[in-house]
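Quick heads-up: structures coming right below.
Common to both upcoming complexes is chain A, partnered first by chain B, then by chain C.
Now for the complex of A and B:
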């Protein structure tokens, strides 16, 4: 009995250690963001005199509210577009048999493995051709390369699980594929759409390389680029307080979303990977 | 086998119609730009004017002229970036796999608050990479960073350490941040696999008095191998194209530069689309090669699973 107790205690200690390691950096970012002025340079584990000065400053020094709005607009548009395209593709992949289905599905999976720089010069050309440089549309367009493959993949695995009887009954009643997908499957897939949409949202919200390359002015930047490019009076004097405040602002909503939907997110992440 | 049922026929007709929009977008955003990148890699195009350029063959890759070799394959900076990328990918993915399995095993043990732990695991994954890079850069700051302060307070170091100062230490720091950020992802995938394992096996092993470590290597590991293999390939390909973490933490410092950072620098900062495209295509080929080797190596495993 005693050894069992020791084992549980040991495991719990390990458990706490891991949890501390995972959570500490974000905790420290919050603490740093609450330290105003020169207090930021005192490396202590809690703020002596917490204040919101850094949060005010980051909004004044640059169009950070605009950056957040940009990120929101891009991420939402990417979610809607990729889900819209993926639902119909997933119906074809998950519920029909045609020649080359598996090959096509694996090719699409292959696209999600593309290094983003491998398409950078080709995308630059397209973005210039359509006059989309320094325009958020260029980001919405280019983000399809990484959201579309996995939304198709995950939606396909959810689509396969829907019972065939429902579809048969609908066909008996004279419903065509369009009606089946939009009227019958879509409501049934609502939870799957939330999961997949959330994953696409997070991916788009966090993207950096395309956003850095296809935007130029501060007003068009998304949040990750804005944070990466915050500079101070000189190269060696980064305004760490502002950077930490900005970091906390953009991370809190994400963490909230993730915690609320954690079960579904894990299901979506593993559906994409384990069943592949 | 039998003639197609009405269901099959109705589905079959619409399949391609439903696929077309998605395929069109992917062709436009992936296939075409990739083709153009490979095309540009054979030219001397510049970013200033993408429409006028000369074909120069494989000159951006490898060329011999006037007693000197040219091209990325002889560029010491590209070779250094290749080495950095391989080191980063190999070390970070190995660490993430081992630690990920360990964390999954701890979380899988029936302790109170397992749900809380899973929530904690999602936090590093949810923080944008740029943000985690900045937070860690601040924590690792040589003068004001909490890491140096803690080490100094514990009497482990005599003076401040320049963690990101551009040496092996900088690469180690970047790897540590990546491990922090993505180990939970591996752990979640392994955890999902662990939870599908039948309990009876473990009961039997316990009754027979087999040591837990042996149970892990002879029962658990073979059973979670397929899920682990998927997690590793995802991580490996992700690590090989690493860009944001390195770019934000150490910029274009040669000692930590990865192939993605090199390619973007040539392409955007130096405006040399030909050379940058060659570097990008090189990275694409290397990643494709790694994928093929990995799948070939795993093939016996997959066949065993189907039987």
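Now for the complex of A and C:
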């Protein structure tokens, strides 16, 4: 009895430790964002005089709302495009046989292994060629380089797990390809779509290097770049309060998303483990 | 009601020929069962009738109409799959109604049709469940309900009972037979279980390596198998085969010097003689044999005996028990129950 209590206590302590370790940076960002002026450099765990001044400053002094909108548009476009393409690609890879299928599949995987810097200059040329410099389209286009490989791979493996007979039953019921994709595949792949979509969203939302390289003006920047380039009143002052406030603002949507899709997310991560 | 005709059907996957030149005429309202060993092409043949696979050669006619190029939905057939293939994200009701909805049937007629088949298959209380909340037997019923709700003229079943336990299998088998009687539709059924095949079939089609080995009513196939393959395929334990040294004056001469009386006929080409385990009698005279083992099956026993030339025989008999191991017995074959096959395994007819 006693040892069981000790075990529970030990486990709880471990949990708390892990939770603190994971949450402390975010907590500290929240706290710092609430501090005013020079108080930022105090190491206390709670600000003496919490206020929203930093938030006000970020939104007014910078086109930060615009930056958030940019990020949202880019991330959403990337998610929709990569999921849409991935479903059809997965249908091809998972359901049909054609020459060079494996080669193509591994090429797609290989592409995702290039470090971003390696493709940066080449991509820059392409972006310039299409006249997309300082345009959000360049970001949407370039982000798909890293979102498509994993969405295609994940969707393909999910598609392979769906029994062919379900599809054939639908054919016997008189369903055409469009009906099969929309009424059978999409509902069955929903958990996988949510999971991969969320991962793609986070990747696009957080991306920094391409966003920094392909945009020029503050109006076209996405959030991570905007935060990095927040400047203070003089060049000798680093506006930590503003940066922290901005960081909190961009983290909240992600947390909200994960919470909203939490149940689906778990279903997606474990789907296929048990037959339905 | 509709007939199904296969004319010179062949199917190759790449270079491997899986079905070669199958001709088959299935009459309207008939219950035909395809049987054969695993890989003999039963499913492939069925899928070509369904339209899920297109034949490499030949034609499929349903109701006299050439449907070789027609998509499955235009053939008036429906299919029950081995894995049931229910739509996991839909309730039982939606599963059954899916085909009707796609056919743009009215709301009321859909509800009426679903209610009717649900009652027929006794699944009314399951209509609002998802397939994952059903047992194997219940899923099977839903799959059958989904197949019959559109009132097709031809039903195709691909090993629909193989995932059920033995008791349920026997019960569902009878229900399918009853269903056939009440619907009067043409049914084509694939199984590798010969008991299931014999109990259901009006006519059985035995497939062997993509060819039709024999077509006929179960009792004919059992009692007058056209080839040695069919003879060995049907019956459990399988038919005993003896290879005589030569034929002499209406008797087969075994290597041991023993003689077996044959019925009237021209046996000059005889290469193998078959006799079923239940057609061998243990008695006071006949061929000497040694009992090697006795299997208890409840309603009968299987005696495994060895002839003096080393050939092994299975005999269905209640006369011996496990205590008779290693004892000497004498056996006789009923001449009119002997099956004689030539070099190529073809049946030689008595006269």
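We adopt the following convention: the second predicted complex is superposed on the first by the 240 of 276 C-alpha atoms of A that agree within 3 Å, B and C clash if a C-alpha of one lies under 4 Å from a C-alpha of the other, contacts with A are read in each partner's own complex, and residues count from 1 in each chain.
Assume a contact is a pair of C-beta atoms (placed from the backbone, for glycine too) under 8 Å apart; a residue touches a chain by one contact, two chains touch by 3 or more.
Just so it is clear, the model here is predicted, and its values are computed rather than measured.
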A:163 touches, of chain B and chain C: first, second, both or neither? second
Touched partner set for A:171, first chain B, second chain C, both or neither: both
When both partners are placed on the shared chain, which of chain B and chain C touches more of chain A: B
First (chain B), second (chain C), both or neither touched by A:223: first
First, second, both or neither for A:179, with chain B first and chain C second: second
Chain B versus chain C as contact partner of A:188, first or second or both or neither: second
Common interface positions of chain A, toward chain B and toward chain C: 168, 171, 276
In the complex, chain A residues that touch chain C: 163, 165-166, 168-175, 179, 183-184, 187-188, 276
For the chain A and chain B complex, residues of the former touching the latter: 8, 11-12, 14-15, 18-19, 21-23, 25-26, 28-29, 32, 40-41, 43, 45, 85-86, 88-89, 91-93, 95-98, 104, 108, 110-111, 113-126, 128, 141-142, 144-145, 148-149, 152, 164, 167-168, 171, 176-178, 181, 202, 205-206, 208-209, 212-213, 223-225, 227-228, 240, 243-244, 247, 250-251, 254-255, 257-259, 262, 265-266, 269-270, 273-274, 276
In the complex with chain A, residue positions of chain B that touch it: 6-8, 10-16, 18-19, 21-23, 25-26, 28-30, 32-37, 40, 45, 47, 50, 103, 106-107, 109, 111, 113, 115-136, 138-139, 141, 143-146, 148-150, 180, 184-185, 188-189, 192-193, 227, 230-231, 234, 237, 240-241, 243-244, 247-248, 259-260, 263-264, 267-268, 273, 276-277, 279-281, 283-284, 287, 291
Of chain C, residues touching chain A in the complex: 50, 52, 71-73, 77-79, 81-83, 85-89, 98-99, 102-103, 130-132, 146, 150
